[in-house]
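What follows is a pair of complexes built around subunit A, which joins subunit B in one and subunit C in the other.
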Partner chain A sequence: MAGWLVLIPFIILVLMNSPVRRIIKHAYFGLLLVFLSWQLGFTIFGSQRSLNLGNNSLAPWLKFQLNIDSLSVIVLAVISLAGLVSLILAQVLIKENRPRQHFLNLFTIAILGMNAVTMLEDVFSLYVFLEVTAVSSFVLIALQKNRDCLEASFKYLVMSSVATLLLLSGVALFILTCSGTSFAAISEGMAFAGTSPWIKVALGLFTCGLLIKSGMIPFHAWVPDAYAAASDPVSVLLAGAVTKVAGLYAILRLVIFVWGFSPVIEQTLLFVGALSVVGGALLALAQKDFKRMLAYSSISQLGYVLLGLGSGTMVGVAGAIFHFFNHTVFKSLLFVNAASFKQHTGSDDMEKLKGVSSVMPCSSITSLAGFFSGAGIPPFAGFWSKLLVILGLWEASRQGYAVIAILAGLLTMGYFLNLERKIFLGGESVEFKKHKVNNTIVWLEVTLALLTLLCGLFYPYLLEHFMLPAAASMLP
Partner chain B sequence: MIPGIFFIIACLLHFGLALFIFTHPVSLSFPLGVFGWELGFRVGGLSASVFLAAAVFLMILGVYTAIFMRGKKNSVLFLSSIIFSALCVDGVFLAANLLTLLFFWEALLIPLWLMIASRGSLAFKTATKALIIVGVGDFCLMAGAALLWAQGYTLWFSAPPIMVNNTATSVAFILLFLGALSKAGALPFHSWIPDAADDAPLPFMALFPAVMEKLLGIYFLALICLEIFAQPLPSWLGLLMMLTGGITIIFAVLLALVQKDYKKLLSYHAISQVGYMVLGIGTGLPGGIIGGLFHMINNALYKSGLFLTSGSVERQAGTTDLARLGGLFSRMPITAVCFIITAVSISGVWPFNGFFSKELIYAAAFKRGAIFYIMAILGSFFTAASFLKLGHAAYWGKITPVNKQIKEAPFMMLMPTVVIALFCIAGGIFHQNIEVYITKIIPFLNHTPIIHNEAVGEISGNILVMMTLIILGGAIINHVFAFRMTGSSLKAAEHINQAPFLVSFYRRAENKELDPYEFAKVGMGIFLRWASAIEARIENFYEGWAPTLINSASAALSRMHSGNYAWYILWAVGGTISVIIFMLR
Partner chain C sequence: MTTRLLRSAVGLGITSAVLTLLMFRFKAPLAAVFELSVCSGLISVVFISTISLTQRVDRARLAVRRKERFGKFWYLPILLIIATIFLLGIELPAFNLALKTNISEVRDIIWNVRHLDLLGQMAILLAATLGVAMLFKQK
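And now, the complex of A and B:
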């Protein structure tokens, strides 16, 4: 089963670029839609299986093993959710045939890469598929071919190459010090030669490489440009899935299963997390561009995931996983809102949003749901996940970080209120004409808003059936 | 009209359900999940009887209310608030532990505010005053319950009674007692009731200060005296309760005497009568307790009856100002007869119900000390005097030409009034049965089979009855004499107004110097000035340097994002190096 999650995108990719493509030109959208829906359903109702590919004779460290456990299930759901939103948005927004073909191709590669990253069990293959995802993302960002996009894409490329350097050096050091690159071999090697400086350097290099990929402060420089310059479907995919799976999920996976919770790692994660939470929120306050604001907000929100992970407690890790999921839902919602506002105002400038609620009531009201969830207002889902993170920090007697997490919530409130004030309290603007809002986008917004509300209302159920088992299976 | 019909149907259904619950006692509990707290309900004993009585009153007064409110402003809001309040009242009576009781008790504040405020924007001030005064009392109750819980006592009523023998339990008792007083409207929680008489819709006065609040407050007083805490209470607590009762009687009745408005006069009596109940229960004697509870029911009957007559007069004559009324007996005979029956009941004339409950309280008070007896009997004198004045001014005397057009109230409003008047007579006739019933439902009294004759007879009931008759006669003589002297029924109490000592009392009352709410407002003003000084500093933080700090921090951070790749890479590399150094450390 696990293999199909990688193989099906690959087959679709081949079909899309083979001679058959002229016959089923318009079917790819449907094909991908069905695949992602299946993935979502499979992750919710499916079982956990594993699959072995490749052979051991080539090299002992070149194994290709896929495994699904309760953490990957949640991340696969996140990928399919962000993928579905991005795909539908692209279908609506990208009208011409060729750009859409390009988008679908690259989108499929990104999905393939992320699915593989989610299920892999060794650091080298992890690196390979991180790069697969990253390369497709470079091109996706540059797809519009204007100056901003190319610059953002190039910036991502440069920062990503630094990450590549760090990751590869880390892998090399792991091969030197451990018996292989599989997770089992590395954790065995760490238990065996844990005090060796090389393994510590490898650990630091690999972690920092992943932090660059996940765009945490001070490794974040590529994030705002990439999110803001990319087209809306790509922004959704980047914020909702790519950054998180390629960076944050890998950190979650490695810390929980391979490196273990040592005080040094916990403190590193907590420090970087707190820096991102506060710095991201402060930077978001200063922005005038809607999508750039959302980009900084993403940095701040993902900081909470690091904080939850860094607490090392079951409650904190459950909160981190829940926030990982919630962030995808409400950030996708806000990016869809940005897309629908852009259809009317023609830009992402927040100043131009004044009084937009009078002409676009649906987008405005659903943006409130995103704001409530993001700022942590009950009963929306974001409240519960932040609460769990803070409780976890408190339980781990990291009271200082818990206080930072709470106070940063005020800053979050600040930048979101700044946005909502412009949307709702700008007075009637004469610039907008009452033209029809795209129905698909409205449905997308309403679905996501309801989803974030329902996740909040049925939080005890989700916690009991998804988050706590996931956290419990990971922690000793 | 349609909301009114629905309301009457709801009241009838409510009564049916109450009867069903009364005859099918059960107990239920729902865990709340924290601290082992539970919502618990029980049916039985005193609580079930009071619960049924409340349902009966709601049904009778509901018919009147629906007719009275027809076509009035916000009538739907008012009627639905009554339904909401019925839920809370039932919850209080059916509660099996202090926590459940507290929950419904506090919830009652919401419909209370809504019912008064539904009259319009002018009533907001009064509604808020009522909310604050009752809220303070409720807070006392909550604090008392919290204190008991903190002392390790279970909050269930079925638990063995608590001995009041140390500071904590005494303080808890006093706090719970204050809670009961505030709901019953006794001193010092009384001052919103006269204001509400001016501003609230009349059915509210008949239903709440007259009936439900007395039932709730006195039921809770009986509950803390008989079930939560163990009798005998320390003598100083009994003394405190009796003094509160006595002072409430005298204070409120003196103010009632000089009122010149039908409803306002009644509202002061609603305060004064609570004094008798608190006094009776405060004696701690079986006779006093029976008398207090009997008086609770009697008071609910005649006071609601009196308010209903005032409502009928208001609706038909358009005013309740006594100076503009007069001679209504010939125009509204049935209402007038109902008024006479309820007025003689409240004055304690044989053989109406008020006589028997008051005699029980007199006897018990006399046993505890002559001073309490004198307070109670003086209260009766002034009560009789004020009702002679009221009846004389409203129903006798010369009728003004305008008032000649007045017709009798509609049948649907007369019927509840008549039913209540009949209940008053029945209460007098069957007083023996009621006293025996009260003895049966209260476990504390089960072992002391005292009935009316014994309780009164000990000190020779005849002397006390003689005293009562002398006092009532004195009130009549006083009224006739004063009427002859002044020539006006309204001024019949003027000489009391001008009496030495009382002059300054009335002047202060006029200036609202005796209203604890006004004291509190002055205290609040001082507190507010103090708080606003702190507020200014907090505001300085929120509007001054906190935003400045945040804005400058975010501006500085944004400036660092200059688009220079070298810097960006330097940050990442610097970060990596720091992490590695930290890990190697």
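And now, the complex of A and C:
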């Protein structure tokens, strides 16, 4: 099963770029939709044993060293959810055949890369598939070929190259000090030569590389441009999955399998997390562009994930994993709202959204669900995950960081209130294009809004069956 | 500026290729496969495509530039031939970059040890190729 999650996208990609595609011209979207739905269904309903079953029944040269554990199940669900939203949005918004074909090709490669990153147990393979995800993302950001897109793509390319350099240097040092590049070999090497300064340097380089990929403060320079300039389906994919899987989740995986929860690691995660939570929220307050505001908000929200992880407690880590999932749901919803508002007003400028609720009631009301979840208002899912993170910090006697997390929640409420004030109380703008919003987009908005509400209402079930087992597998 | 960056990208690709050859000759096939993975054209291809997009060039100017480019790099084929003769003709001492592995065959490493990376490399090259095809396509 694990191997097929990487192989199937590759087969679809090759098939849809071969002469066969002339026969099944319009099947690309359908194939990807079926694959992602299947992936989502299997990760939610399949047991861990069944997910790993069949890895060795593939041909000898296809026996991939991949493993699905209770944490990767959640991440695979996140990838498929963000992927599905992005795919459906692209089908609606990208009208011409050729750009749609380009999008689908690169989207498939990005999904392949992220799926592999989720299940790998080798630092060098991790590097290779991080690059697969990054290269497809560079081109996806530049898809519209206008000046802003190309500039954002180039910025991401430069930052990502720096990250690559750091990751590779880290891998080189791991090879010199340990007996291989697998997680087990590095972990063993660290136990043997844990005090070696080279190991510490390698750890530092690798962590910095991954923090750049995840766009956390102070490595965030590329994030706002990339999210704001990219087309809406690409923004959903970047915010919902790419930055999380290629950066944050890779850090998580290394913490679990390689270096464990040491005080230094916890302190680093807490520091970067607090910086991102506060910095992201303050920068979001100052934005006038809807998507740019969402980009800074993403930085801030992912800071909560780092804070929960840094607490090192069962409750905090479960909260971090829950917030990791919740963020995908409510941020995808808000990006779909942004796409819908843009369709109607022709702009991402929040000033131009004044009074949009009178003509777009569905998008406006569903944006409230995203706002409530992001700001941590009960009973929406974001409230419970943030609460767990704060409780975890308190339990770990990190009261200072807990207070920062609470205060940053107020800042979050500030920038979301600013948005909602314009939408609902701004007085009708005369500049609306009066285009009818596509029904599929409305359907997407309602589904995501319901999902964030249901995740909040049924959080004990999610916590018991998904988040706590994942947290238990991470902690010693 | 663009020409200089372009030259640095081409230089990067050639250096990577020579480094890979050197590692094979030094009997460090695993490191050579790693180097291949790293360079597999991705950095060069994406770098070149992005740089080239910063300026619009008409066909006549492009032809002149192409000629100039070949003129500037006339020494590269000679260097490559000399390097190949040097690498093939000299017996070099063996070392394994401290990797405790008995695998000596490059084929084994690529097909039995790092075959998942191979899939990743193919995906990177596909993404880069699709990117170049998409970004350079004239309307």
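Definition applied: the second predicted complex is superposed on the first by the 454 of 476 C-alpha atoms of A that agree within 3 Å, B and C clash if a C-alpha of one lies under 4 Å from a C-alpha of the other, contacts with A are read in each partner's own complex, and residues count from 1 in each chain.
As a working rule, a contact is a pair of C-beta atoms (placed from the backbone, for glycine too) under 8 Å apart; a residue touches a chain by one contact, two chains touch by 3 or more.
Source: prediction; values computed, not measured.
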Which superposed partner A:21 touches (first subunit B, second subunit C, both, neither): neither
Touching partner for A:211 - first (subunit B), second (subunit C), both, neither: first
Most subunit A residues touched (candidates subunit B, subunit C): C
First, second, both or neither for A:159, with subunit B first and subunit C second: first
Touched partner set for A:224, first subunit B, second subunit C, both or neither: first
Touching partner for A:200 - first (subunit B), second (subunit C), both, neither: first
Touching partner for A:268 - first (subunit B), second (subunit C), both, neither: first
First (subunit B), second (subunit C), both or neither touched by A:116: second
Of subunit B, residues touching subunit A in the complex: 550-551, 553-555, 557-558, 561, 565, 567-569, 571-576, 579-580, 582-585
In the complex, subunit A residues that touch subunit B: 155, 158-159, 162, 166, 197, 200-201, 203-205, 207-208, 211-212, 218-219, 221-222, 224, 264-265, 267-268, 272, 279, 282-283, 285-287, 411, 414
Touch list for subunit C against partner subunit A, complex: 34, 37-38, 42-43, 46-47, 50, 53-54, 97-101, 111-112, 114-117, 119-124, 126-128, 130-131, 134-135
Partner subunit C, residues of subunit A touching it in the complex: 6-7, 10, 13, 61-62, 64-66, 102, 105-106, 109, 112-113, 116, 120, 124-125, 128-129, 131-132, 135-136, 138-139, 142-143, 145, 150, 153-154, 157, 161, 164, 168, 171, 175-176, 179-180
